[in-house]
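We just call them A, B, C and D in the order they show up, numbering each chain from 1.
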Amino acid sequence: MMETLMISLILIPLIAAAITFVLPVKWRGVCAFLAALVNFLIAVLLFRKETTIIFPWIGWGIDFALRLYHFSGFIILAVSFFSLLISLYSLEFLKNKSSARQFYGFFLLALSFVNGAVLANHLVTLLFFWEGLLLTIYGLIAIGGKQAFKTATKSFIIVGASDLCMMAGIILTGYIAKTLIIQDIHLGLDRLGSLAFILLIIGAIAKAGSMPFHTWIPDAAQDSPLPFMAFFPAALEKLLGIYFLTRITLDMFKLDSHNSLSVVLMAVGAITILLAVMMALVQKDYKRLLSYHAISQVGYMILGIGTCLPAGIIGGIFHMLNNAVYKCGLFLTAGTVEKQAGTTDLDQLGGLRSTMPVTFFCFLVTAASISGVPPFNGFFSKELIYDAALERGKIFYLAALIGSFFTAASFLKLGHAAFCDKPRREDKGIKEAPLSMLIPMIILALTCVFFGVFNRIPINDFIQPILGRASENHNFAGWPSSLPLVLITIAVLAAALIHHYAAAKIKGSGLKAADHIHHAPVLSAIYRWAEKKYFDPYELGVKLVNWIAGLLSGIDKSIDWFYDFFTVKAACGCSMIIRKAHAGYYIIYVVWALTGALLVTLFAIK
Amino acid sequence: MLINLILLFVLLSAAVWTVMTTRLIRSIVGLAFTSAVLAAVIYRLNSPLAAVFELSVCAGLIPVIFITTVSFTHRISKEELPVARKERLVRFRYLPFIIIAAGLVLSWCFKIPQFNLPAAGPKEDVRNIIWYLRHLDLLGQIVILLAGAFGVVVLFKEDK
Amino acid sequence: MTSLFIFAPFFLLVIINFPLGFLKGRCAFCLAASLLLAQVLLAAFHPWLFWSAYPDCLRQFFGFPLAVDNLALIMLFVIGIVALVSLLTAQDTLAGEKQKFNFINLLLVALIGMNATVLVTDIFSLYVFIEVTAMASFILIALEKGKFAIEGAFKYLMLSAIASVFMLTSVAFLLLTAGDISFAAVHHVLTNVPGSFFLKLAVGLFLCGLLIKSGVVPFHGWLPDAYSAAPSCVSVLLAGTVTKISGVYILLRLFSSVFTLTPALQNVLLFAGAISIVFAALAALTQDDFKRMLAYSSISQVGYIILALGCGTPLAFVGAVFHFFNHAIFKTLLFVNAASLEKRFGTTDINQLEGLGEKCPVTSVTSLVAMLSTAGIPPLSGFWSKLIIVMALFSKGRFIYAGTALIASIITLAYFLSLERRIFFNKGKPAPAAGGTATQISRGLNPAKNFSGIACAEILLAVFTIAGGLGYAFMLNTWFLPLKAIWH
Amino acid sequence: MSPDLAGLFSYFMIFIILLFICGAYCIAATFNMVRAMIGLELLIKAATLLIILAGYLCGRSALAQAIVITLIVIEIVVMVVAGGIILWAFRHNESIDPRKLSNLKG
């Protein structure tokens, strides 16, 4: 029974996806919603159950293995929860849009693949779903429009390259461990093991969208349909990437805090936090700003898990969950604004507080969450991460704290510009969004509050069992234990508030509150280069490849011409000779056949 | 033994004449005659039922089919006959020599490789074999006759 | 109830020929289609209870010496699919109720012949049913009685008759040395008296007959003529099953479980396979007629099967059957594409067909799938079977043959891609003022007809090709790898 | 194999081979489709004789007869169909010369 349910988690969205491609466009959304609903119900049923399933697949020791246990059950539940909300939201949002034709099919396909990847208990099974996901990402971005096609290719290449690393890692792991069943892999970090570990980690954090694999996310934010952004970079990819990262560091390899790789991981996290948040601060577009935050928040999670301390890991996983909740909510508010006001350019928005009060409320709660304001959920997970980071090194703590400051600053700017300033455009018709778009946002906002106030429930019930014995004697839930850290956090937030108001007063508008950072002497040059994508490894790579390709094609063409000329001439010549021989008289065929028969018989009796 | 040998000589000569003769009708009659001689040979080889079939069907029915076909197509006229005969002679004059040469060579140096015949079983009845052992072949015969009937429907009927 | 595979079409044949008017048209089509569908389903899901259940009272009549194993099931499946597709195509392409009815009758005869060929356990019965199949296909080729069709049918008939003389001679020698002609007896004698001259001669002669029937170079002369001259729906049947079952399948069956594959025979098969692959691929390269090119490609692909058979290992045998299956699917698909083009535009001359990608999207996409699969492009089914064949050749140390197989796939890709580019992806030239046919083509579709049957068949087969490629592991494990047990 | 059976077999074999040559020559050298069919008939006759001979030698005359009867039925049907095809070839070409049937080539 449980096995059937588990497989149906993969199959139901898959079949529904096939159905949506056949249904008339009008009914596709409903179909997707129903499938997501069924998926959610099954996930609830399966929560806290444990089972494994295995059946032969390709052969040569490659089987189709799935495993359900508390961690994957929890992730599945979260995934299905978000997919349900987003399918509900898209019903209204995508109405009458051209991208709705294919969106739901890819959406369900992605859901199926994510479920499969989370449940996979065999590295090749995992890889199969992982790569399938890559294709759906490509498809989901590419349906956005003409410009989107280029972005889709970019994301495909970046994620694909990291997936190649992961594939190499999987092969190496299988070679070392002599098995590909994830449950049975427990490796040390010797020389080969470290290499495999790094390769796998690259796959995981690239999926989560950490630096330096992040550059496609801001581009996609502008080009792809918005529900994709709320679904993928905001929620699913974080869940999946961090889930896999946790399994690598906890189960498959025993990473502990004495290992230098842990420091590397923390450094990646810290750098991601800082750089992405600096970029976010100066953005002038609602969606693009959010997308940089989607990157910077990954930094916190990686930092947390990289500490290898129970507090950090629990904080990291909790932050993953929280981030998915509030970032999804934020993207949905962006979508609502886009739908109702027609633009997400902050230069043209303003004064939405009065026309869209519910949206504003949701934005307020989720923005407070992401900035780490005390009673909301983001605060508690960040506190756990601060705690662990401080134990590992002051510099990491400092980085996280600065990140927190700029996060708060950028959201103050965003909220101020979009909702509180005077409207910059005379546009009377803006109304509150319809109910089916509001419900998901409200649910997400309430979840932020709920997970904050009653953080005992997610931490004790969902997350702590993952660590098992290591965290048994600790209690991470409730109010943070260290009062000085809390005070410092509150001080930083207050500083951000003061800074914002002071700057806004001087510049005269909320939008320009961060401009002095943008135009600071050294930073302005860096920002300019960043806008020109000098720091984007993909763009650099493309340039390099283009240059080499130009050189090579010159050499190649000459060789090519030579081959083309001779082989084609020779082949066509032979072809014409054979055709001439086939003259059409049956008697010739008889003679061929008899000659052949004579030879065959002679050979046979020899 | 001698009768067999004579029959085989007649069979071969009939076959050669069938191939060599100019008029198509004579050739067909030659074929019928060949079949009849073959039936006699088969009868001599302890196979009376097959001989009956060979005689009635191959010597009787098949020439009819051929003659029907030929009668639909055009006949060679009296004027063309000498030309055709000459032309044929050019192409077919080698046949008797080839046959005689091959026959001589074969009878000179043809040696059957020694091998063991399978042990002979008890005496069997043809009818038993046909009806009980080879009834699948019977089904095949029925189906192929059906196919032939469809062939007649498709190929011999004039379209309006 | 194995004999039902022979009797059900037989009874259907009798029923639809009752002199009742309403049975002739739509009804005959529906009955035949459902029969074929039933065969496909039975072969695919093969409930074992079905095969062994014999009511005692029927045993007397239905208890034929037939045998079913995995190989036979795969063949029955292929026959069912291809015949069904051919029937669908015929509904859209043949003109007139009478001709359609004749087609259904002859299709059923061919079906009886092929099913029986697959199931029999006796060499002479095998010959009988090969002849049944061949007879039905001669008449089918000549169905429309066009000038070219008659020519193709005559050539096929002559070569096929010569093949049957070879086989009859072989039957005589087998009878002489084995005293019986059932598979078991022949196999017994062949394993116990391996050196006998007449046995070797018999095997050699039968091999010659089968090579003619399967159209391997240099026995192939009739094949391109017959395929390209036959009505489209009949080419589908011929290319997909008739020549494959009555030639290639029997080779597979006999050399896997009846005859022994001596090293000399292995060399013969390997060589014949290799030259078929190369010669036919080269000949296809400059063809101007779509169907003729497909015919040559068919010879080339049969070469792969023969090559694998000649390799003589269980893995190679599995590869051969797998390729047989795949080839039946994608070559049928290509011939259905040809049928669609011929019916729409009245010609299969490549020079006259240009820029049709927009006018018939289904045909263009499905033909691309089939061509890529034929050339062995990775995710599609053709790739996997070729991979297995090449792997088997490598592991046996036949490097030259493996290399030949690989290089020939490049030629395959070359001619198919150039074809695809010319027919489908070129922008159509502006219509020349004078040329009658050309203007007719550029004017576009044959609007009076609908092509739902053809489109259905195309999509069905394309899905098979893609699914077979993606799920090759499943198919290989459940259907093909068990075949290793059949090999000796 | 006893000597007299071996003798019988060898001289029958010689005549059968000669019959094969005869039929093959007829098919190869003729310019007439009906004659090609006659050559084919001769080939089949030779095969028939060979089967009967084999049955006689190994003591399975009954089986050989059963085979030959089926064979004869098949032979007729082949000839009927061939006749139909020749008829149509004549209608198209006004001739039963197989050399006229060389439109399909290349």
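In the analysis below, contacts are C-beta pairs under 8 Å (C-beta built on N, C-alpha and C of every residue); 3 or more make two chains touch, one makes a residue touch a chain.
It should be emphasised that the depicted structure is a prediction, and the values quoted were computed from it without experimental measurement.
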More contacts between chains, A-D or B-D: B-D
Inter-centroid spacing, subunit D versus subunit B (mean Cα positions, whole Å): 6
Rounded Å distance, subunit A centre to subunit D centre (Cα mean): 75
Subunit A-subunit B separation of Cα centroids, rounded to whole Å: 81
Centre distance in Å when subunit A and subunit C are each reduced to the mean of their C-alpha atoms: 48
Two or more partner chains touched - positions in subunit A: 579, 582, 584, 586, 590, 594
Subunit C, residues touching no fewer than two other chains: 124, 128, 131, 135, 138-139, 142, 145, 154-155, 158, 162, 176, 179-180, 197, 224-225, 287
Subunit D, residues touching no fewer than two other chains: 27, 48, 53, 55, 57-60, 63-64, 67, 70, 74, 77, 81, 84-86, 88, 98, 101-106
In contact (per the touch rule at the top): chain pairs: A-C, A-D, B-C, B-D, C-D
Partner subunit D, residues of subunit C touching it in the complex: 124, 128, 131, 135, 138-139, 142, 145, 147-148, 150-155, 157-158, 161-162, 165, 168-169, 171-173, 175-176, 179-181, 224-225, 228-229, 287-288, 292
Subunit D-facing residues of subunit B, complex: 1, 4-5, 8, 11-12, 15-16, 18-19, 24, 27-28, 31, 34-35, 38, 41-42, 45-47, 49-50, 53-54, 57-58, 61-62, 65-66, 68-70, 72-74, 91-92, 94-95, 98-99, 102-103, 106-107, 110-112, 114-118, 120-121, 124-126, 128-130, 133-134, 137-138, 140-141, 144-145, 147-148, 151-152, 154-156
Interface residues, subunit C side, partner subunit B - complex: 6, 10, 13, 64-66, 102, 105-106, 109, 112-113, 116, 120, 122, 124-125, 128-129, 131-132, 135-136, 138-139, 142-143, 145, 176-180, 189, 193, 196-198
Complex contacts: residues of subunit D adjacent to subunit C: 27, 33, 36, 40, 43-44, 47-48, 50-51, 53-55, 57-60, 63-64, 67, 70-71, 74, 77-78, 81-82, 84-86, 88-89, 92-93, 98, 101-106
Subunit D - residues contacting subunit A, complex: 24, 27-28, 98-99, 101-106
